[in-house]
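Going in written order, the chains are labelled A, B and C, and every chain counts its residues from 1.
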Amino acid sequence: MARKINDVQLMQLLEAAIFAADKPLSRAELQASVLAEFAVSSRKLTQALQQLQHDYSARGIQLLETASGYRFYTRPEFSEPLASLWPERSPRYSRAVLETLVLIAYRQPITRGEIEEIRGVTVSTQIIRTLTERGWVKVVGHKDVPGRPGLYATTAAFLDYFGLTHLNALPPLTEFTAILGEEHAQQVSTVEMTGELH
Amino acid sequence: MARKINDVQLMQLLEAAIFAADKPLSRAELQASVLAEFAVSSRKLTQALQQLQHDYSARGIQLLETASGYRFYTRPEFSEPLASLWPERSPRYSRAVLETLVLIAYRQPITRGEIEEIRGVTVSTQIIRTLTERGWVKVVGHKDVPGRPGLYATTAAFLDYFGLTHLNALPPLTEFTAILGEEHAQQVSTVEMTGELH
Amino acid sequence: MSEQPSSLTIQQPLPLAYVRGEAVLNRPDDLYIPPDALEILLDAFEGPLDFLLYLIRKHKFDLVDLPVNEITLQYMEYINLMQELNFELAAEYLVMAAMLAEIKSRLLLPQLLSAQAEEHDPRAELVRRLQEYEIFKQAATDLDQLPRQERDIMPAKATLADNFSPLLIFPDVDFAELLSALSDIVKRANALQHHQIKREHLSTRARMSRILELLQQHAGYLDFTECFEINEGRAGVVVSFLAILELTKEKLVRLTQVAPYAQIHVKLAINEA
């Protein structure tokens, strides 16, 4: 038997659950766990989550929806004073790592050879290992060419880390019309078209 | 040089710090870390923390001051629904647990000592706890012997789980021995003969 | 800072550094690299495409009309400088030098200056690669600027209340397992011989438990009649009666009667209530 829950209690329960969880909680996870005993419609759930996001809009923390679900985060403007709470520095990533990561993000699924072709340099095993160990990229298949190289794609963890819900939310690729001139602008949009975003 | 911070920013910064920290933060720790760059008087700090406590007074979480400092906690009334976020699968029951259960079912009300006598081995507290936590067994009285041991009996939940309307629905021991086959039946009937019949 | 598009180096009155005994006079002036750490120059670029983009941007060359001649000269100047200093040049840089030289030579060939020259422009492939690389180079910069965990945002967490306990998921038990456990006990018949597996009906044992419970609920004290439920009929009354007798025999309850025909009282042997 479904128990009753009013709007305020629903919001408080969601709030407590999201704050207490060790990872982002998706709507499906919320329905299957804390809301299991209550019959909460999808519309009610959306309303409550929106209400929560609104309630925290003027606070020191914010409710973000990323690929794996909802989680509260501190606001980026406090990153500097908050850094003093953590003795170890946040990891920095080299341009080589970031360039490889964006190529996998925008051009997935992509082989290491294809990344090397665009970057014009060898992609070291270390770079790939850094990205896979962080859980940001993974092999999703193998290309049917000699050597059957792995095809890399980004993960939900990658999107979570950068606070994104979707690959669509990645910054759009810049069109360098200023230096490329008219005719080349068209080429750039081709680049965007071939990047499989979903 | 101490930087300026207004009341709202101070409250937001404290909020973000307490939420982001891995442990309760004392006033001294707050002053030494996130507030280090700002000249915040003790009075201002108290005010901001009180304001925060007030802001969360009607929410799913609350700001509590414990011996080691300030930290946000979920409200106790949500502990029950939140439990579903941390399911703990208990291990399968051992032979000892099942034998104890079946003896309590057939010989209730029975003391732990009596079970031990029949099984020939000690019945650990853990076994009894496993069965009582499951809600299948409970103490219905105490025997008037030294130590006044508890008398265990099965519960309605036990019958429900196994789809029995009544303890009578359990196979009678005599019938059961027939299922065991000739050799055992003989042994058992010996038992029955020597057992105190009335 | 004004500079001529064609000049890569800027004359300096004094050597910037001495590397292996040789004075280093020239360096790319807008690279923020200490002159005595010229080796880092290569590391500052993510390969020859990045390096070429740097040269093109620095000299404000138009990619559409890429002056291969000039860019090749600039590029080779760097390569030579690095070779003179015995830097280990990555193979990609040398491949790029060869590619530039090839483009340059093809441009010099007269037949390429025909009407269809544009279509067969040997620079086209290089331009395409430079454009593509620059797009992703910018994308990497943009990604790096997104607020991200650990650096800009931290998860905000609350501790669970003191009264919290996790949800226990109990194991499933099959009825057959229960019977199998019973069979194990029966098989150990030797041990059982000394103990009484008695022939009471289970209903009697169950009724014993129920009467004990009832006593607990009533402060350990019941009238004899309260142990019976008339609507259970004769069979039920018999079961209750047997249960009370068995409880008395096992010294779990005491029966008292203050006078003949007076009410019989059933009391817990040990009153926990």
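The rule is short, and it goes like this: a contact is a pair of C-beta atoms (placed from the backbone, for glycine too) under 8 Å apart; a residue touches a chain by one contact, two chains touch by 3 or more.
Since the structure is predicted, the reported quantities are computational estimates derived from the model, not experimental observations.
When every chain is reduced to the mean of its C-alpha atoms, the one closest to the centre of the whole protein set is C. Taking each chain's centre as the mean of its C-alpha atoms, the one that lies farthest from the centre of chain A is B. When the C-beta pairs in contact are tallied for A-C and for B-C, the bigger tally goes to B-C. We define each chain's centre as the mean of its Cα atoms; on that basis chain A and chain B are separated by 37 Å. Inter-chain spacing, taken between the CA centroids of chain A and chain C, is 12 Å. If you average the CA atoms of chain B and of chain C, the two centres end up 29 Å from each other. Counting partner chains per residue, chain B has residues 16, 19-20, 61, 72, 74-75, 78, 82, 84 touching two or more of them. In chain C, the residues that touch at least two other chains are 154-160.
By the touch rule above, chain C contacts chain B in their complex via residues 154-171, 173, 175, 177-189, 191-193, 195-199, 201-203, 205-206, 208-209, 212-213, 215-216, 250-252, 268-270, 272. Residues 16, 19-20, 61, 71-76, 78-79, 82-84, 86-93, 95, 98-99, 101-103, 105-109, 114, 117-120, 133-134, 140-145, 148, 151, 153-154, 161-163, 166-168, 170-174, 176-177, 179-180, 184, 187-188, 190-192, 194-198 of chain B are the ones that touch chain C when the two sit in their complex.
Note for the complex: chain C touches chain A at residues 46-50, 57, 62-64, 90, 92, 96, 127-129, 131-144, 146-160. The touching residues of chain A, counted against chain B in their complex, run 11-17, 19-21, 25, 33-37, 59-61, 72, 74-75, 78, 81-82, 84-85.
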